[in-house]
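Each in C-alpha cells, the structures are laid out below.
Note that subunit A is present in both complexes that follow, paired respectively with subunit B and with subunit C.
The block that comes next holds the complex of A and B.
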C-alpha cells in the first residue's frame, strides 16, 4: 500500500530531457509566433499589437498570392512529373532480368545525397546564359537556338522543376521500389496465367498493393514542395526576376529576416501551416477512400 | 523523506552525474577577458588589412584589447538584431553595410541600439574632415549613427586595348549619348563564327545598377524625408534609357555578372567593352580577373546631360558602436576607431589590397593614390576615384530600400518586355510606359510603407 503512494519520479526524469527541449524549442516558439502574428514589429525592439491587421493585409498582398501561385505550380509540377517518373524507374529497376540493377539504383539515388544547396549551385551553372551546359549543348545541336536563352529569367518554374526532378526522382524511386518488392509475385504470376497483359497486371494487381506507399510519397512530396526554399534561393539568388521564383517560405523569410517584420512573417507562417494541415487532411481522406 | 531516492537505478545516477558535471563546466568555463572588446567585420579584405594594426593597438593598450572576428554579413545581421532585440551577446563594435544599418535604425529613436555619434563628430571636427556624402547613408532624422569607412565613387572602366586599336578617343565622351555614339564601332553582333561584343555590362535583371544610375541623374528611391519618389520624371527617363540599352536594334548591354566565372570569362574574351565600376569593384576585378591587367582604363562616368554629374555611388560600410557600452569604455573604443579609420598606413594598405579610398579628406594626399596602376594601364587609379569623391550623390537610409529596389527592378523588367512585345525601342517611345510602371511600383511601395504603424506615427 505504502509503495503505491510513493511518487514515481523515475519515468518523468527520463522523459524530462525530451519534454524540456520540446517545450523550449517547439511549444514556446509556436506560442510566441502565434502572439507575434497579431503584432507588428519594426526595427529590433519595436512591437505593437495590431489585431487581425497582418492577416487582413496578407489576403490583399499581391506578393503573397504570387508566392502561393508559384508554390502550388511547383507542387503540381513535382507531383505530375516527378512521381510518375519515379514509379517508372522503380518498375524498370524491379525487373529481375535487368543486369546491373544495383548500380542503376545507386546512380539514380546518388543525387539525393548531395542536398538542395549543392543542386542549386550546379543547376545555376547548367542554366547559365552563354556558358551554361544546357544552352551550349542545345546551341551546338540547333545553331538557331540562342545562347542567351534566359532559363532563369523567363522559365524560372520550369528550371526549378527540372532541378528538383534530378534531385528527388531517385529518392522517391526507392520508396516505390520497396513497395514493388512487397507485391506478392504469385499474384502477378496468377494474373498472367489468367491472361492479364502487363498493363492489366500493373493496374489491377501491382497498383492496389503499392497504393499506401504511393499515398505516403504523394503526401511527402506535397509537404516538401510547399516548404521549398533553398533551391530557388540558391539557384536564383533570391526570388528571381519579377518574383517568378518566390515561394511561400521564401516570402516568410524575406518578410521576417530581410524586412524585419516578424509579426507579418508569423502570420504567413500560420497561414502556411493551415494550408499544409488542410492538404494533409484532404490527402489522407482520399487515400483512405482509395484503400477502402 | 528522501526514500524515493533509493529507487534510482545506477543509470539514473549516471544521468544525474552527467547533468551536474556539464552544468558545472558551463558555469565555470573560461570566458573572454573583461578587457577584450569584440569587433565584428564582414569583409575578409578589411579583416586581413586590420589584423596587424589591431595587434599594434593591443600591444599599446592591453587594458582595451580588441578582438576582431570575421562574421558573414547575413550572420552578423541576425546576431545584431538578436542582440538589440533580446540582449544576446554581441560585439561592442561592428562594420555593417547600408541595408543592415537601415534596418537597425528603423524603429523609434529611443529603440535604436546604435550609439548616436552626431555630437561627437561635430565636436571633433570630423564632419568637416570626412567627405560629407559619406555620412548620408548612416543618417536618420539628422542624427548620424556610424563612422564612415568609405566613399565608393563610381567610374567607368573600359577595354583600352580595344578602344585604342579602333582609334576611338574617349575624351569625346561626356554624356551617355556620346558613349553610345563614340563607342558604337566596337559593337559586334556576332555571326560568321565571330563572337559578339557589347558596349556595357548591364542587364534588366541586374537591379543593383538601376539605383546607381538614378542617383547619378539626380533621382533615387526616397527624398530627404524618406518619402518614396520612385515615380519621378528623372527616374522614368533613366529607366527608359536603360531599357533601350538592353533590347532592340540599338542594344548595347550584355549580361556578364560580377563574382561569376562565366561573367568573368565574357570580360576576358573581350565581349564586354565597358563596365560601371565603384572603387571596391576595381579591387575585386584585380583579384578575380588578373588576365585583364594592362587592358583596362578608367574614366569618369558619362553624365546624363552636358555638364552633369560624372560619378555615382554604390555600396558602403560604416563602423557602428553598441549603445549599451558605458561612456568610459566607449571613449576608448572611439580612440581605437580613430586609430583604425584615420591611419595613413592603413588607408594605404586598404587601397593596395582593395582599391577602396578613405572618406577622410586629410588622407587623400597620400602618395599611394598617385601611384601608376599597371592593372589600369598605368593610370593613377586612386587619384581618379578621389577626384570624383566630392561629387558622390547623397543617399538616404530607409528600411524600405530593398522593397523599392525590388519594385523598380520589376518595373525595368516589365518595360523591356513591353518594348519587345510592341517593338518600341526609343527613349521617347518608352517614356510613357516607364512613367506608368514606376507609378505602379510607387503605389505598391507606399502600400507597404503605409501599413507600417511605426512609419505612420513618425509621419
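The block that comes next holds the complex of A and C.
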C-alpha cells in the first residue's frame, strides 16, 4: 500500500465518533464496574465501600449457585440439541438438485428474526397447561400424556431449551450451510468412488472441512447461552417457581435493578465475564490444535 | 438433466416436517390474534363452523387490535420502536463506515493498536456494563431519554470491523489516490466514492442494526421509566404483566411486533443473511 500524503489527523477525525462514544459509554462504565464491584449501593447514588465482601458473599450465595447451575444446564442442553439439528438441516439442504431449497432455508431461518421477548410471549401460551398448543398436540398423539403437563412449573429448563431450539436452529444452520459450500465436491465424490460410505465420507471428508466454522458456532452458542435473560424473564414472568428459571444475567438484573445494589450486580457481571473469557480461551486453544 | 437421487424421497418429507414444526408457532399466534378469548379456549387454530373450509370466518375479530391501539396506546410504542431502530441503524452505519474507512485506507501511527482495540471492544460482554451503564446514565441525566439509547450506538465496534473488512476487499487504493491528486476533499472522497462501492455492506449493516434494536429488550427496560417512551418489546412485556389472561390481545400485540421485521426480511433477505454471516465467514 502506498503511503498516504494526507495529514495524519484525517483518520483520527473519521474515528472520532467511535473514540468519543467508546470512551464515555464503554471504557468509563467498564472501569466503574470494577470500582462498583467493591461497593454496596442503594440505587445509583449512595455507595458504601465493602472491600472484597461482594465476591466473598457470592461464593456462599445460594441464589448465585442456582443461577450458575441453571445457566450451565441450559447452555449444555441447547448445545447438545441445537447444533446437531442445525448441522443436520444444513446437510439436508446442501444438495444442488433439491427443489425449493431457498424456500426451506427461508422458513428455517425466519424464527431467528423474532426477538427473545416475542418468542417468550408466543411460547408462554404454547406451554400453557390444558390450552397450550404443545400439550394438546402431544396429548392427541399419545393419549397417556397429561393435558396438565406443567412445562412452566416443573420442567422450566426443558421448556427454555425447546423455545431456544425453535429460535436458533435456523440461525446456526446458515453458518453450517455456508461452511458446507466450501467443502470441495470432488473430494467427497472421489472418496465415494474409493468405496467410502456416506458416514465415512461425512466423518473423514466433510467434518474436517467444516470444523473451523463448527468451532465458531459452538463458541457463539456458549457465549449467547450464558447471557440468557429475556426468554425466561418473559416466559415465566420472572425467575419461575423456586427460581427454576433464574439465570446469571437475570440474577444480575434483579440485584441491580430490583434490589438496587449496583455493586453486587457488578460483581456478578465480573464473574460472568470471567466465565465467558475462559470459554473463549479454551475454544481458541482447541481450534488452534485442530489446525496444526 | 440432473440425475434423480432416491435420497430425495427421504429428504423431502423430513424437510416438510421440520418446516411445519417451524411455522406452527407463527400460525398459532396469527390465529389467536384474530380470536375472542372464548374462541381461544374452544379452538386450537381457527374456530370451526359452517363457513368456507369448515371454519367460522365470521367469528374472527379485530377487537384485539382495536383494544391494543385504542385504549392501550400501542401506536405510540410502535412509533417508538420505528424511531429508535431506524435512527440507531442510520447512526451506527455512518459511524461504522467512517471508522472502518479510517482503519482500512489510512496509514497512521497507532492503526494496528486501534484495530486491536476494535476487536477487543467486540468481546466485552454487555451484561458487565448494565449496572455501571445505568449509573452513568443517571449521572449524565440521560435516564428515561431517547438520547440515552441513541448516543451509545453512534459508532459500534462491530460495524467498524465489518466496514473495515468490506472496504479493504473492495475499494482500490488507486481510486482514492487519484481523487486526492484531483484535489477532492477527504469527506467528499468518503461520501461519493467509498460509500457507493460498499453499498451491499451498508444495506446489510442497516438491516442487522435495525433488527437488533427492534428486538432489544434489556437496554430500554433499564433505561426507560415512562410508559410513553417504551418500545414494543418493553410495552408487550408490561402488557403481559397486567393482562396475562387476555390471550388474543397478547398475541395481537406480538403479531404487530414481529410482522414488520418478517416483511422487511422477505423483501431484503439477501442483505440480511449476508450481514449475519459477514463477520464469521470472511473474517
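Observations on the model:
Keep this in mind: the second predicted complex is superposed on the first by the 278 of 292 C-alpha atoms of A that agree within 3 Å, B and C clash if a C-alpha of one lies under 4 Å from a C-alpha of the other, contacts with A are read in each partner's own complex, and residues count from 1 in each chain.
Here, a contact is a pair of C-beta atoms (placed from the backbone, for glycine too) under 8 Å apart; a residue touches a chain by one contact, two chains touch by 3 or more.
All figures in this text were calculated on a predicted structure; none of them were measured in a lab.
Because the two structures share subunit A, they can be overlaid on it, and in that overlay subunit B clashes with subunit C. Of the two partner chains, subunit B is the only one touched by A:241; subunit C is not. Once the two complexes are laid over each other on the shared chain, residue contacts for A:114 go to subunit C alone; subunit B is not touched. Set against each other, subunit B and subunit C touch different numbers of residues in subunit A, with C touching more. Of the two partner chains, both subunit B and subunit C are touched by A:131. In the superposition on chain A, contact of A:175 is made with subunit C only, not with subunit B. Of the two partner chains placed around the shared chain by superposition, subunit B and subunit C are both touched by A:10. With both structures placed on the common chain, the touch criterion links A:260 to subunit B but leaves subunit C unconnected.
Of the two partner chains placed around the shared chain by superposition, neither subunit B nor subunit C is touched by A:162. Legend: residue contacts after superposition of the two complexes on their common chain; A:62 is shown touching subunit B, with no touch to subunit C. Superposing on chain A, the segment of subunit C with clashing C-alpha atoms against subunit B, chosen from 219-227, 255-263 or 273-281, turns out to be 219-227. Residue overlap on subunit A between its contacts with subunit B in one complex and with subunit C in the other: 6, 8, 10, 13-14, 44-45, 125, 131, 257.
If you check the complex, the residues on subunit A that touch subunit C are 1-6, 8, 10-15, 17-18, 21-22, 24-26, 28-30, 32-33, 36, 44-45, 89, 92-93, 95-98, 104, 106-111, 113-118, 120-126, 131, 133, 136, 166, 169-171, 174-175, 178-179, 213, 216, 220, 223, 227, 229-230, 233-234, 237, 248-249, 252-253, 256-257, 262-263, 265-266, 269-270, 272-273, 276, 280.
Across the interface of their complex, subunit B is touched by residues 6-10, 13-14, 40, 42-46, 48, 50, 53, 57, 62, 125, 128-132, 148, 153, 241-243, 257-261 of subunit A.
By the touch criterion given at the top, residues 3-4, 7-9, 12, 15, 77-78, 80-81, 84-85, 103-108, 111-113, 204-205, 255, 261-262, 265-266, 399, 402-403, 406, 409-410, 413-414, 444, 451-455 of subunit B touch subunit A in their complex.
Partner subunit A is touched in their complex by these residues of subunit C: 2-5, 8, 11, 14-15, 18-19, 21-26, 28-29, 32, 40-41, 44, 94-95, 98-99, 101-103, 105-109, 111, 114, 117-118, 121, 123-136, 138-139, 151-152, 154-155, 157, 160, 173, 177, 180, 186, 190, 211, 214-218, 222, 233, 236-237, 240-241, 244, 247, 250-251, 253-254, 257-258, 261-262, 265-266, 269, 272-273, 276-277, 280-281.
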